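Would you mind keeping the following structure in view while I ask a few things?
Think of it as A, B, C and D in the order they're written, each chain with its own count starting at 1.
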Amino acid sequence: MSLKVAVAGASGYAGGELLRLLSGHPEVEIGALTAGGSAGTALGLHHPHLVPLAGRTLVETSAETLAGHDVVFLALPHGQSAEIAEQLGEDVTVIDCGADFRLIEAEAWVEFYGGKHAGHWPYGLPELPGQRDKLRGANRVAVPGCYPTVSTLALLPAVQGGLVDPGQLVVVAVSGTSGAGKGPKTHLMGAEVMGSATAYGVGGVHRHTPEIEQNLGAVTDEGVSVSFTPVLAPMARGILATCSAPVTPGVSAESLRQVYEDAYGNEPFVHVLPEGQWPQTQATLGANTVQLQVTLDQRTGRAVIVAAMDNLTKGTAGAAVQCMNLAAGLDETLALPLVGVAP
Amino acid sequence: MSLKVAVAGASGYAGGELLRLLSGHPEVEIGALTAGGSAGTALGLHHPHLVPLAGRTLVETSAETLAGHDVVFLALPHGQSAEIAEQLGEDVTVIDCGADFRLIEAEAWVEFYGGKHAGHWPYGLPELPGQRDKLRGANRVAVPGCYPTVSTLALLPAVQGGLVDPGQLVVVAVSGTSGAGKGPKTHLMGAEVMGSATAYGVGGVHRHTPEIEQNLGAVTDEGVSVSFTPVLAPMARGILATCSAPVTPGVSAESLRQVYEDAYGNEPFVHVLPEGQWPQTQATLGANTVQLQVTLDQRTGRAVIVAAMDNLTKGTAGAAVQCMNLAAGLDETLALPLVGVAP
Amino acid sequence: MSLKVAVAGASGYAGGELLRLLSGHPEVEIGALTAGGSAGTALGLHHPHLVPLAGRTLVETSAETLAGHDVVFLALPHGQSAEIAEQLGEDVTVIDCGADFRLIEAEAWVEFYGGKHAGHWPYGLPELPGQRDKLRGANRVAVPGCYPTVSTLALLPAVQGGLVDPGQLVVVAVSGTSGAGKGPKTHLMGAEVMGSATAYGVGGVHRHTPEIEQNLGAVTDEGVSVSFTPVLAPMARGILATCSAPVTPGVSAESLRQVYEDAYGNEPFVHVLPEGQWPQTQATLGANTVQLQVTLDQRTGRAVIVAAMDNLTKGTAGAAVQCMNLAAGLDETLALPLVGVAP
Amino acid sequence: MSLKVAVAGASGYAGGELLRLLSGHPEVEIGALTAGGSAGTALGLHHPHLVPLAGRTLVETSAETLAGHDVVFLALPHGQSAEIAEQLGEDVTVIDCGADFRLIEAEAWVEFYGGKHAGHWPYGLPELPGQRDKLRGANRVAVPGCYPTVSTLALLPAVQGGLVDPGQLVVVAVSGTSGAGKGPKTHLMGAEVMGSATAYGVGGVHRHTPEIEQNLGAVTDEGVSVSFTPVLAPMARGILATCSAPVTPGVSAESLRQVYEDAYGNEPFVHVLPEGQWPQTQATLGANTVQLQVTLDQRTGRAVIVAAMDNLTKGTAGAAVQCMNLAAGLDETLALPLVGVAP
């Protein structure tokens, strides 16, 4: 099999990471690469690391340029996916790296994003219970946000198993700056971010908050509440999420750990580290992996789970390719690195 | 007045920062600079930034070399201060940047540090209620740990005012790597930390945990419990602490903010930022300041306070000089920068 | 004496560094702070590190807002200084941090900057032979570019003393990204610069090239030729310049070193390090210093001089304040840090 | 075919990078992983990014543990390879990432490394004229140093073509800190290197100097002299080498460029960028590539060549695998990434 794929928004960070992974995919032929303002320029100007594709020319993002492909990846600002997806037939698999089709509740969409809710597509987190089957053969996939992926995977086993109080979840996630995209902004300039850490979207206003609650709410009957704070750190890639919640009375460190090992023992991309070893983002750089560790703080009675992930790989583009593999009936792990680039 | 001061442990990071500040202090004459293994070498080899002192020679740390000074700063590994302090007379002001005399409860010392508890000295956080007066004229001062300083200042007004549940405090603090000291260790090497974030001391086992609880426990009758997780980020200096707790029913965003503005309105070094502006560590680099912001997450009912500070300045050496100023009856703010070095 | 000073372009990096230094200057009263698009906003939004000035409001840059000051610092994009300076009377001291008045030769201006040459003002590098006297009492000063300052100081003694062939100078200067200014550009975004080094302006086309040649050409009768390559490195501040040239026959390592020690022995801000110790930019961070070291490569017969400097301090704003001190008849070193902020 | 390979020194940076590449090699079975002090511990403790091998246990480095493999990679401190290699039979392919067998002249070895010269092995830079053939079927290979690889490839076409004066070569190479190895040293600590650039080994004393001269001396009859200065920059990986030399009279920018395009047009891993695009190390991160650009500085008459490379990949471990591929008669490019990980 050879899938002809197009990437819309190829000049951005998600687009570049998609092409890095797809260029090594044995069942993929790379077709149209589209962009907005950069249309007409060489891909290599924007992504000199994509050596084999450097000479390819970006074309305008449109239904016409995206037509004739088996799979279309959308790596566009939110709000642009719905219109394009409608013009692509049902026989085209559309994988949206944007936010448009992630939220089920229109109300949450309106509150956090504003404008009309476009609907929702199968959610591209195969590690959720039952989700893998829904993605097999899907022709529309909404790839999760980076923070929701790592936060959900960190908290899922404990919430699903009833080991923690889902009404008191706290997540503080340190992120590299590529997660904010490639559009030039003063507060993301090198001189601003190097040597500095800063919080943003504090107080439950970050758009990824309802997505995390949606994911965790699906595995518990209790009310879910997530206090989520993202922190920008001076690194290009990587998220380290520190998650905690009060444990249910009687839960021990051993039972907590066991639940995580059971949950992820067969997952190809989610790895519980050996006891005592804590995740570092560097170990996941460029890989489609999540590394996590769990402990019980005996003094406070809180479970603490720390998870590391590359926001552009498992957090965006790797997840998208994983979903494409499932949608197309391929081996789910094809072309997805297990090994990070460190140091 | 001119105080003759000595710095024990002058070759390390805390020692270097003390000397940076003291070299600009109008009432200070810098005397003996002592070290362990580096004794006999020039200070400039270890701290080329200390231009006016670069030619000074480090001498052995001992009661003899430290004798004859009005003030002795100890910037030594914990466990070494008690013996030296005993040999220095009561007429010498000893300001310990180490942990030895911070904890009041011997039990907590034994649990977190091991070995014999040396006792406790006046605690060098003038911003605590009533503490400023205790530091005036003191001849022994225990300078707080860096995480306790920023975490305490971030949570103090809310806990003291009864606006949050002190039994459910959560602190995740991102720190630069200088906080771990200058002794060479593999996990602190440049290639390990650049481009990577990692948690450590997770689950309530970090030694600064009981110190935070001690500080906050002093201002409330309720039980205090702090879930504290430190995270190493790729920067040399700076701590960004994200702190949260469930608010007491009826507390509004406005009342929360008011309590912080009231608490710190007259503090020279603690600044509540204008509404909507979130702290970044860069703004405090090299300054003796703490910048903080507070909000109420309406969805989760948690107060979220974010505070930024330089771990070596207000977190260690700046606090030590502030305490010296108080102890010696000088203007508390002498030689302490309000302005950070940014970008 | 108290000088009333204004800063035009206060929201940028040079403006912020000027204000950091000026806020600690005992003879300065800070007057108007002007900006372009940011006029009307609070300074603290742009420079949260400038605590004592955070509440000041930026006003429009114009002859009117700048009128009534003793000293006006211009930190504007090149091409804007001439018009404003003309409208400020001769009794106002104007110190231009931009390029407009640096080059003597109109031809060089046209080739490297384009447009009309505005003329030239006394050049603000007091360490040049005879230059200090020209700056005393000057009412117009052109502050040097950052690369020219560090490159000139690194090569000056060897060129002036005839110890090297000035026709074969090679300079490769590694710089932090703040030197490129605060205007948002994709290639200066944090994710682009962290973890990466890149050269730019290669092949003698960087605008600072003729300025370096002008400086060195003034101290030798031989033809001066500088191969200059700037390199962006992942740091906010700092320049490390590696400079080399073939030595004149008969020149020894000792004589080379002696010439540097003689040249800078009395300079307050230029420091030749002890033999064997090589400069690091961190040691000059936030200080008005240049640290340098010189050696003779016996194999190749080239003198190699390495110099470190903070591009925003001695490279821009510190030099500007140094020039103001001279122009106003104050102690040249007032309010200029000798001690860097490290680590 | 399946080659059984061992890696000696698997806990270090070169060892880790070898295993990253080898774990994706279709013709390789990974055998013994050996170490010194870390023997007995799990590989995952040292390299958490090597997920599929994390549970493997390191064994002592010895002739016994390395026996029984088709290929043995040595990633050891210099001086240890000779003894081990002697004990491995001629039927074992030994690929040494250390310096022991790189230099042909015993005199140069003694001057730069001290101790006895072990001899020299086929030099693992297939891009040198005629070298590829010498590596095919070789059972001993000396992998080049990282600086020599990038410097040689940057200067080779110009020197070999007689377009520049090889007696006046100047190389200033900015490097990430992983090149200095994983052994903990104060000057390589995160807090020391972040935010700072520093030169070292200045004045022709760095050990890689004679290796560069050896490589370039082989392609010209004229005397070769290289002024080489390495600079540490705050990044984990990557080298950016800025190389220059006076051009031979009559050489034009076009002819210079043509010589580079001709030289590397068929090389799989060396890429001349489109005119006007300058290399950045990020684009080569984790890839086995060298990206370069060349220009003629018309003012100074110097050719300037800038080259970017990952010191651990093409600079060490990638080159080693490339040599193994050649030695074993495999496709030279097997398992070697062309695509970097950026941003």
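Everything below uses one rule, namely that a contact is a pair of C-beta atoms (placed from the backbone, for glycine too) under 8 Å apart; a residue touches a chain by one contact, two chains touch by 3 or more.
Fair warning: this is a prediction, and the values are worked out from it, not measured in the lab.
Distances between chain centres, each the mean of the C-alpha atoms, put D farthest from subunit B.
Counting C-beta pairs in contact across A-C and across B-C gives the higher total for B-C. Centroid to centroid, with C-alpha atoms defining each point, subunit B and subunit C lie 35 Å apart. Computed centre separation for the pair subunit A/subunit C is 44 angstrom, with centres defined by C-alpha atoms. Those residues of subunit B in touch with two or more other chains are numbered 13, 176, 178, 191-192, 194-195, 234-237, 279-280, 282, 285, 342-343. Looking at the complex, you find that subunit D touches subunit B at residues 13, 176-178, 182-186, 188-195, 234-237. Residue ranges on subunit C touching subunit D, taken from their complex, read 168, 170, 172, 174, 191-192, 194-200, 202-204, 209, 225-227, 229, 231, 233-238, 240, 242, 244, 246, 278-282, 285, 293, 295-302, 304, 306, 308, 342-343. The residues of subunit B lying in touch with subunit C in their complex are 13, 16, 20, 23-24, 42, 44-45, 47-52, 178, 194-195, 236-237, 271, 273-274, 277, 279-280, 282-287, 289, 291, 338-343.
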